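Below, subunit A partners subunit B and then partners subunit C, in two separate complexes.
Right after this comes the complex of A and B.
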């Protein structure tokens, strides 16, 4: 497959301290990446990730703040407990663990997210498109719901 | 000094609340504002330094209406930077507590509980970083007297942890970052991508 992988990036609103990085993520993301901004990684309901996976995303990346630096005191700790377990579960039912990546950023970090996204893309490219969990084709006219 | 002492002045009341006691140490250098992420990312008119000045000068109405009172999330980036070692989020919290006491509520969104589906499991109570949610017993239409979660609008910062933790999806953010919008963005993008490839 020569297709570029489709990646959904869940980004905590506060984890990119540098305005340059934030601007890059807001306006200059490659076409194959969708940015979903959330107030905190703790806001990410596992259902969002499940929706992304069923919708046919080839990779899911979650970027948030380091444990002690959460903007909402303890939000990312709950997120880590919940989402890492959920990623393991997804692996168990056939969505490779490599396709879900967590990125915990320090406030001092600059220019990390570009590199990490590129590395993540390189990591999931050999895995090919994720077909195991993608829901059947979206209903079109003439389908069951027509 | 003693002639002008007024225990009902805003500064005195803020100082009486734990966390607000260092108020008068502030010499308005503005380091807190320069460190503040709410100011850089969300709201340009957000300014902890101004709020502290308002509290010191007893400008009650201005302080209670100030965005700074309602948007501080107590991330404490300013605390280690403050040369006077003022716990600024503590001061802001004290002002907020007084504002709530005087009947003001936050102009920003808070989490909403759907009382028809809440099962009072208590997960949101445990996860809330601001202790804004508590179980209360109340009368709910169709369900009689039951225990449901209840959100304190004065404390909620709309971080959304409760919505992600709730197993019965009965607590939600209604305006920004609501479930429907996020999933809609996600699915419409993926659908378009799938159609184009």
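Right after this comes the complex of A and C.
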């Protein structure tokens, strides 16, 4: 098992404005981060989060556009209600609330995704590996990250 | 107890006058402990109608199994009425094609608590005025306090009275205490994380996946359940500990803002698995964040089917 926390990053494909950020997310993500690009945070079914959690993720980060800047008008607002309730619900049965982080990215703010991921890693590192709901080994390669 | 003759008379009247084509109620089952849901199509059949505290099904679960054009009469208690409201909001049956005979509910008895004391071979169960339950079994006769036998969901019921019934038979009951309803989930949330998780695993992993909870729940009416879906497989769904956990997590989560706390899932469970600590948590969440209770009327959209910009949340900007 690696020392660094294993993170699943659900990234909205519309809110990484600068090509440098996009390139970093696409090609230079550290190995402990699994990228799942989604067309909108509203597309994230809570079951995806559960899959990540059962797949052995120590943290789940959902990053999307600011309210009122959603590419599909209101997708992120709809996602907020469901995902927030789901995270609280997971906390109820044994997956710490701090392990799930939601992020609203400002389109103009360059390099923010790297800073936020680092901050998130620092946040979940003291919690140690998440064992309570994990069922499978974490997949380090696969999907867009391979 | 509502007057059973008045119930029968009303059911007969609506069938005779053609208000409805069918009345959903209860009839005597194989043993006195298990009255069964029954579907009465003629006034003569209604003579078999029974109603007692052992009628444990949520009849609203049958609503979605009939065509929307069919006019249906139904016996409803507080929770069933709210389930019907939620189903009407979701467009599962037009309210105009329903005739609800409301019964203020005094709570459902958990038959397991009777059997614990009297053995399986129960001959008769009689409710006496004043709240005593007289049980005759092969092991002898027993008297219980009704309050001691009530199902857990019923002992913390907030709304025992039907809210939108066409006719109410029986006297209205006092509303329950919301603090009491909250107690279970508040107590559970106060436990340390590891204990909560251990309890959840212990309960979930006893599951035999008979899906009785799904069948008993009025809000579980999907043609194809996520757990039956093989490709793509939405989540862990095998007969493994993770699959059991996944099923319990998502089944309850799909009831967010729709669950009326009737407890039919728990009563249906053959393994006696506790489930309401999950659904109650979500209900409590909806109550706190959006001041929403499922099924209080048939027009307010549940939190997940509407959006607003001014939610307070922990999304980071």
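To be clear about the criterion, the second predicted complex is superposed on the first by the 133 of 146 C-alpha atoms of A that agree within 3 Å, B and C clash if a C-alpha of one lies under 4 Å from a C-alpha of the other, contacts with A are read in each partner's own complex, and residues count from 1 in each chain.
Just so we're on the same page, a residue touches a chain if its C-beta (ideal position, glycine included) is under 8 Å from a C-beta of that chain, and two chains touch if they have at least 3 such contacts.
Please read these numbers as outputs of a predicted model, since none were measured by experiment.
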item	value
Which superposed partner A:34 touches (first subunit B, second subunit C, both, neither)	first
Which of subunit B and subunit C A:82 touches, first, second, both or neither	both
First, second, both or neither for A:19, with subunit B first and subunit C second	first
Subunit B versus subunit C as contact partner of A:45, first or second or both or neither	both
First (subunit B), second (subunit C), both or neither touched by A:72	first
Contacts of A:96 with subunit B and subunit C, given as first, second, both or neither	second
Which of subunit B and subunit C A:133 touches, first, second, both or neither	second
Common interface positions of subunit A, toward subunit B and toward subunit C	45-47, 51, 74, 78, 82
Touch list for subunit A against partner subunit C, complex	45-47, 50-51, 54, 66-68, 74, 77-78, 80-82, 84-86, 88-90, 92-94, 96, 101-104, 106, 116, 132-133, 135-136
Subunit B - residues contacting subunit A, complex	37, 40-41, 73-75, 77, 127, 129-130, 157-161, 163-165, 176-177, 179, 182-183, 185-187, 189-191, 193-194, 197
Of all residues in subunit C, those that touch subunit A in their complex	188-189, 193-194, 196-197, 200, 226, 234-236, 240-242, 245-246, 249-250, 252-253, 256, 278, 281-282, 285-286, 289, 303-304, 307-309, 311, 313-317
Subunit A to subunit B touching residues, read off their complex	3, 6, 8, 13-14, 17, 19, 22, 32, 34, 36-40, 42-48, 51-52, 55-57, 69-75, 78-79, 82, 107, 138
